[in-house]
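Letters A, B, C, D, E and F name the chains as they come in the text, with residue numbers starting at 1 for each one.
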Amino acid sequence: MSTGNTPGGAERHLTHIDESGAARMVDVSEKEATARTARATGRVRVSPRVVELLRGEGMPKGDALSVARIAGIMGAKRTPELIPLCHPIAISGVKVDLVVTDTGVDITATVRTADRTGVEMEALTAVSVAALTVVDMVKAVDKAAVITDIQVEEKTGGKSGDYRRGGS
Amino acid sequence: MSTGNTPGGAERHLTHIDESGAARMVDVSEKEATARTARATGRVRVSPRVVELLRGEGMPKGDALSVARIAGIMGAKRTPELIPLCHPIAISGVKVDLVVTDTGVDITATVRTADRTGVEMEALTAVSVAALTVVDMVKAVDKAAVITDIQVEEKTGGKSGDYRRGGS
Amino acid sequence: MSTGNTPGGAERHLTHIDESGAARMVDVSEKEATARTARATGRVRVSPRVVELLRGEGMPKGDALSVARIAGIMGAKRTPELIPLCHPIAISGVKVDLVVTDTGVDITATVRTADRTGVEMEALTAVSVAALTVVDMVKAVDKAAVITDIQVEEKTGGKSGDYRRGGS
Amino acid sequence: MSTGNTPGGAERHLTHIDESGAARMVDVSEKEATARTARATGRVRVSPRVVELLRGEGMPKGDALSVARIAGIMGAKRTPELIPLCHPIAISGVKVDLVVTDTGVDITATVRTADRTGVEMEALTAVSVAALTVVDMVKAVDKAAVITDIQVEEKTGGKSGDYRRGGS
Amino acid sequence: MSTGNTPGGAERHLTHIDESGAARMVDVSEKEATARTARATGRVRVSPRVVELLRGEGMPKGDALSVARIAGIMGAKRTPELIPLCHPIAISGVKVDLVVTDTGVDITATVRTADRTGVEMEALTAVSVAALTVVDMVKAVDKAAVITDIQVEEKTGGKSGDYRRGGS
Amino acid sequence: MSTGNTPGGAERHLTHIDESGAARMVDVSEKEATARTARATGRVRVSPRVVELLRGEGMPKGDALSVARIAGIMGAKRTPELIPLCHPIAISGVKVDLVVTDTGVDITATVRTADRTGVEMEALTAVSVAALTVVDMVKAVDKAAVITDIQVEEKTGGKSGDYRRGGS
């Protein structure tokens, strides 16, 4: 696998596709089980009326954000069921934060493991499922909500090294 | 439920939260089982190198987009498992299209049902899971891929009427 | 199926086991799809210290009960995956209430459908999963928590008629 | 995590809720993967007619208890899907025993692992799912069955040490 | 869809692939929800020693066949999760029979529904999962067990009409 | 467990059934986590018309085989959910190959792990789910397709040693 490496740890090919074009779950049995983390973020843009409701103006906001937070945590655990070529791994911790801003909801998920693959996909899945749950929660009030800017901010651990968005 | 309606079918409150703030799965047993559709879109922004690979330059692109398409279809079926307050419904058709553009992958999902609730969440989930799968597929080459602009474009059927993004 | 009926709608045999003793999922295709409800209750007995914590004394109780409520709702949807001979049905509404008492947490789940089988098992599963989640939440503080008195209180709809616990 | 410890290994706070009240999956990556066991018990109280049927009087009891036993074993594997903040762990063994008594069915589940968290929740879930399956099996004959006294009897392994119900 | 029909109800094309070659879940919302059944069979060939064990010679056969029967029933319910383009449908009854012969285990599954698609895939999946479970049960004794001859024997209902293997 | 061993590593009893006949998930916590592989094969026999279609004669074959390949990979991950007494294990790689022959589709699955149990069941499940997906894909054209000859070809690793079909 190393021959395809460019400086900085990036592969030059789609590793999930073999030379004949067939999808496969890449063998990671040679990789070391080490501490790894990933942090991903995303946003849901909603109408001003929804921002009011999520801030609890005019009615108890109650479980609204809790539902999305819990859905995100549970979603992280389902990553290998959803994404065909993801390895099943032992997630050792998940945190999902939701912050209501003037234009929507900012979501951050942090996932930890001590396993053979990184947890970027788990963090992105946690953000995505939390975002979908926010949209579900508000869709009767605002059909035009948009999920946007879901991306990895940072990862640590593993052979390809640490990564920080916007850094080197 | 009708008293909270504003013109155009929008509710004024978060219907998934009761007056005490507790989350609930809203009772839809009184709703009619009718033909309903929803179409959602989204995009994954990737590096130029990934665009080349997804277009099959330098290697067979093979299953790359197929994996995402199938993951999206299967993801639509898992919507009620992922989103806590979604009703389990009988999806009667799903189509997921992926188009490689100069800056990434455009994703469209169309979902149909003949059941008691709309399928907007199913369409959004199909797009989200397809997008996550694209990111998984390319992440060894491009760690900075971004999922963006996931939104409902159109829905038909149901009591709240048809909806078209940007229309009335 | 009617020949085995006793007055009051009870069968005299285990309907899920055929005459040779083999388990089967009973055919319900002849049953009518009608409105049905079920309400089940249960309790988790916990230590006085846990009661304080769940009431928010000394720390924010925050999501503690929300997590159990949401787990109960999601659990109801998983009933046919967990209970081998349960039919997959279209749940049309779920409500899970948790009340902190002086000795623990009282749980009530109400489930509705418009389908071919009753939803008693869905209501009991919602209560059970909510109760397990309460135990998980408090187990670091109180290893001796007990789940108890999980039972159907009431059901309506279906050919066997309405049932109310302690009634006829 | 140690500062909150009381003598005997109990925490003083709900560890699954952070200082702001938000639910999280606690990070266990620092915990050691060691041999751990848990044993949980519970009971289903049923009518005398059901006791007869489960003992095979008047018809073959056949698969009745097998279905519950197998459901319990499979339920243990689903614990992290059902209980939002449970870690996915590698269960290495499960045993579920059901004994028909004069008043119902006594259930015992023993779960083993060699992983980073205890398996109390897995054992309690196995008992709960087995109990729900018994209720499903008998509900056509006895609508009033009650699931009761689900509790951890014993656990071994892990930093918080061994626990035996009624002991110290 | 009718133009591609040959006499006898067979299509001339792969209906799950559209004209561009993309997989899709075919829209069945126009199909009628009617009573449908399917029966599928299959076999597991095992060694003489395993035949003895499954017949209970020298040890109680106990749950051996029950486990496979229950796995088959539960497997039928999971068909739309396993097979990407299968529609989620409301199964209304499942029966799985296992018969020990001199050379192995014969498996028959019968599935019923009152929904928009046939249940051939559900019946085939029930047989497959039951067969896999038999192999799992005996593999410590006989590593060479073979699953074979899994096929639809009969179907009724639906627009394409009844089908009987070897018939017209 | 060793006392029941015959030469060559075969057990003389059904290890998944205890002395009373009750099913159990065997405790593997004492087994070593080592590199293990398994390769299984199977076939789907289809009509000449289907062979033409799968070879892309007269229409783009497109995703037809991709869907089955991906379903097989995802199926391998679901093995412990489908087969009641299978341990949940960390699969570290899966490869599913499909080859169209003159009489059908030959399927091979190779699964790797670094865990406490072998992966024969995962490889067999991958083949079975891929085969079921092929049948689903072609069933509108050929109702008589047959899944056959699903078997383990080879395994390596683990205490019982390597195995090669037809070898010693």
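Assume a residue touches a chain if its C-beta (ideal position, glycine included) is under 8 Å from a C-beta of that chain, and two chains touch if they have at least 3 such contacts.
Keep in mind that this is a model prediction, so the values were computed, not measured.
**Q** Tell me, please, which chain's centre (mean of its C-alpha atoms) is farthest from the centre of chain E?
**A** When every chain centre is compared against chain E, the largest gap points to A.
**Q** Please identify which chain has its centre, taken as the mean of its CA atoms, farthest from the centre of chain F.
**A** Result for the farthest chain: C.
**Q** Going by residue numbers, if over half of the contact pairs line up, that's a repeat, so tell me which of B-E, B-F or A-C repeats C-E.
**A** B-E
**Q** Using CA atom averages as chain centres, what separation in Å is found between chain A and chain F?
**A** Each chain's C-alpha centroid was found; their separation is 31 Å.
**Q** Averaging over Cα atoms per chain, report the distance between chain C and chain D in Å.
**A** 16
**Q** For chain E, write out the residues touching at least two other chains, lowest number first.
**A** In chain E, residues 18, 22-23, 63, 66-67, 69-71, 74, 78, 81, 84-85, 90 touch at least two other chains, as defined above.
**Q** Please list, in label order, each pair of chains that touches.
**A** Chains touch in the following pairs: A-B, A-C, A-D, A-F, B-C, B-E, B-F, C-D, C-E, D-E, D-F, E-F.
**Q** Show me the residue ranges of chain F that touch chain A in the complex, using the header's touch definition.
**A** That would be residues 35, 66, 69-70, 73-74, 76-78, 90-97, 112-114 of chain F.
**Q** Help me check something: in the complex, which residues belonging to chain E touch chain F?
**A** Residues in contact with chain F: 10-23, 42, 49, 53, 59-64, 66-67, 70-71, 74-75, 78, 81-86, 120-121, 124-125, 128-129, 131-133, 135-152, 155, 163, 165.
**Q** Contact residues on chain F for chain D in the complex?
**A** For this pair, the touching residues of chain F are 18, 22-29, 80-81, 84-85, 87-90, 115-116.
**Q** Applying the document's contact rule, which stretches of chain B touch chain F when the two form their complex?
**A** Counting only chain B, the residues touching chain F are 63, 66-67, 69-71, 74.
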